[in-house]
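The next part holds the structures, each set out as structure tokens.
The two complexes that follow have subunit A in common; it is paired with subunit B in the first and with subunit C in the second.
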Partner chain A sequence: MSYYDIDSILTDAEKIPCTFQVDIPDLGYLDNTPTQPLKAGTKVSLPLWLAEMLAIANTGDIEGKSFVTFDLPAALGNDVVQALKADPRAVPLRDQSAHFYGLATHMMELSEEQELAAVLRKTFVARAAEVALHARKVGGVGHKGKGEEGSNLGIGGAGEEFLRGLDEWERKLFRKAHDGAKAGKEWMEGVKKH
Partner chain B sequence: MPMYGDLGNKLVQHAKRTQNLTHLPPYQTELVRAVTREVRDLDKDVASLLEPFQGSFDPSADQATACTLLVNHLSMRRNKRCLLAYHRTRTDKLEELVWSGSDVLDLAGQQAGGGNGAGAAVDSGGGSSLSPQEEDYFRQYGDLLAAYKGQWTDVDLTGSLEPPRDLFIDVRVLKDAGEIQTEYGAINLTKNSQFYVRQGDVERLIAQGYLQKLG
Partner chain C sequence: MALPLPSGLTHAEVAFVAEMELVTVVPRQRLESIDLLGGKTPSLRPPHRTDLPLWLALLLKKQRRANILPPAWLHPSSLAEIIRRETRDDPDAFSPPPPIPSRADPSRPGFAARQQGLDSTQDGEDGIRISAPFRGSACTADAPAGYLPYHWLEVAEALLTHAGDDIAGATAGGTTTGGGGTGSSAGEVRGLLRDLVEVRAAKMRSSTARLEGFGGGLMSLRGVGAIELAESRGFVLGVVDGVRKVGASAEAARREDEEEEGGGVGGGRGDGFGEEESDEDMGI
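Here is the complex of A and B:
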């Protein structure tokens, strides 16, 4: 998670639902009404890079109130969690958020949701195994001698559906596993020749 | 609902795409300009917000202003990160290109052929996909690399890491490359001619696309 990491920056742009706790005259534009003051209690979707700091910043208030409170985004909502509990492999995470795990990790840092953390951990483990399985199949590592390009042409219906639903992190994992298997195979072939 | 940071985000999405490309897409002159303008506007807002306080602003006494200032500050910080990340992605790519031996002129040709310019970079210097600053960076990094390589005359640092199968190879000339000197005398590389040469002598020319290895 470096400062220059493109995926980390894009993850920070994911929006989460926030509620303002203070009246703020100049911030009406956040609620699409630039001419009107932003009233306490207004619900606005804010990107993580903004929401995070507003939620933890000290307002100087005696009660320790912060500028905004936030809820879990829909991507981590109850529906999704129930679906993940049922079968992690059947949920296209990408449809929830292209940076699903990045978003989830961020939210875990901001709030303590023990149960959600456990579900996410199980989800990743189950899906990672599936990703590895597909990565070995694609590009004809096991069969089909000359699957040179390593294109996605080789995979059938269900697999394709699963791979389409991978979030950005899982995609990286897939690419690494796939390239690794391919390089290993190429090396083995080279050994035989000489 | 357009808001602060949206343009910066667009820039980072460009960077994301750039990472997966082998060539360098056109520099987003307009977008970069728009993001820096946004930072300047935000800075002006902050200055005018703080003006009445004469340098003695107390955040706990005026929460609304404190929050506005925080939002402005965070937006500027966000834009800065987007700008830096965008440019760094590109300079990383430029360094890679220097190491692999392509030159700026090649890049310009690629861009003209591709015709995929978003219109933004066209005004920035003869159809190159680099900004003038980037061209400068490219040149100077190239000089730096050449100076570094100069310390070892018998090792080619940018040469291929693959051990050669044969010392001599057949090559066909794709573009006129003029005369080169080899251990076995000079050869004149004219287009479409074919030669049996020492691989080490022509490796650079193959990498630059002047020659094609046969067989």
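Here is the complex of A and C:
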């Protein structure tokens, strides 16, 4: 998580549902009512970085309440968690969020979700084995450039759908596993030449 | 991540390192001892077997000055035995690395010092267990059959490519019933090696599944060869790192709880978990 980590920045831009706990004047435009103050109890989707700031800014509490409370985003909602419990491989995580794990870990830092952590761990490990399998199968050596992951994914055939559902962490993992397998093949062919 | 280079050695580097493994040769010509930076090579006298580093053995083989005696584990029966063990007897673990030799090898000029230095600690009584890369050569002709040494794939590939006839000759001589002729025997070894590579690659992938549970997540990479490590390093490190990140908040909460409960016991356990993971990283 370096300062210039582009994935970290994009993760921070994910929207999460927030509920304002106090009336706030002049913020009505967030709720499409520019002329009125923002009422307490209004639900607004805020980017993660802003929600985090508001939620943990305890210093400005009014009557012991924080400005904002937040819920888990839809990507980490009950539906998704139940589906992941049933079969981690069958869920296209990318449809939920391109930065699914980043978002999830960030949310878990803000609020403790023991069950979510266990489910995520199982999901990640189960899908990682699948990712490795596809990374080894996909494509021969020398058919594709290094950077074109899109074209790699296209060759996958049966696994194509699965690979399209990978989030950014898993794509990185896929790239690493694939690079390893490719280097292995190249070396194997190189041995014969000299 | 500042450097684009991946961590660890690349395949070419691993193969280069593997060229220092000793193999047994039967020289066909006399050659005096050569004074090299790493020590003197033994002088070659034709009928006597000698152990040479792989690079020199291959050089002499290409010049038809020596024949290479393939190590015992490269014999088809040994490979078949290993495959059987990997697939049936113990489908979860990698086959164990070669056992530690019970006595020092006969003195070899040039390599004697290195061997003895290791062997004095290798005699397992003092409880020190020398693992694969720091062990003496396991690719000579008297290496035990049925165990894959650390550089098994590199050495086997090099020998198959450059000394295929020697492997075929050795296996044909060993098994009198091997009727297919010399060509098919080298092919047989090659095919068995391919099988072994595939079996172990699949095992490497599924071994990550053991990281599923909290706390007890530990991958054993005992007996994995250097090339296999080079190939899977990025993936395995990625998985371990991902699991660490997913569990980071839960782990931090757990540690806080333990500290609140007080006592050095809780803190000690937390530290133990951290060490486990860093050990994993180092092993790879």
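Going forward, the second predicted complex is superposed on the first by the 171 of 194 C-alpha atoms of A that agree within 3 Å, B and C clash if a C-alpha of one lies under 4 Å from a C-alpha of the other, contacts with A are read in each partner's own complex, and residues count from 1 in each chain.
Here, a residue touches a chain if its C-beta (ideal position, glycine included) is under 8 Å from a C-beta of that chain, and two chains touch if they have at least 3 such contacts.
Keep in mind that what you see is a predicted model, and the values were worked out from it rather than measured.
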| item | value |
| --- | --- |
| More subunit A residues in contact [subunit B versus subunit C] | C |
| Subunit B versus subunit C as contact partner of A:Ala83, first or second or both or neither | neither |
| Which of subunit B and subunit C A:Leu30 touches, first, second, both or neither | first |
| Partner chain in contact with A:Ala104 - subunit B first, subunit C second, else both or neither | second |
| Touching partner for A:Ala40 - first (subunit B), second (subunit C), both, neither | neither |
| Common interface residues of subunit A - those touching subunit B in one complex and subunit C in the other | none |
| Subunit B residues within the subunit A interface of the complex | 1, 3, 5, 9, 12-13, 15-16, 19, 49, 58-61, 63-68, 70-71, 74-75, 78, 81-82, 84-85, 88-89 |
| Touching residues (chain side subunit A, partner subunit B) in the complex | 3-7, 9-10, 12-13, 22-27, 29-30, 32, 47, 49-50, 53-54, 57, 59-61, 67 |
| Sites on subunit C touched by subunit A in the complex | 1, 6, 10-12, 15, 157-158, 161, 201, 204-206, 208-209, 211-212, 214, 227, 230-235, 237-239, 242-243, 245-250, 253 |
| Parts of subunit A lying in touch with subunit C, wherever the complex brings them together | 2, 101, 104-105, 108-109, 112, 114, 117-118, 120-122, 124-126, 128-129, 132-133, 135-136, 169, 172-173, 176-177, 179-181, 183-184, 186-188, 190-192 |
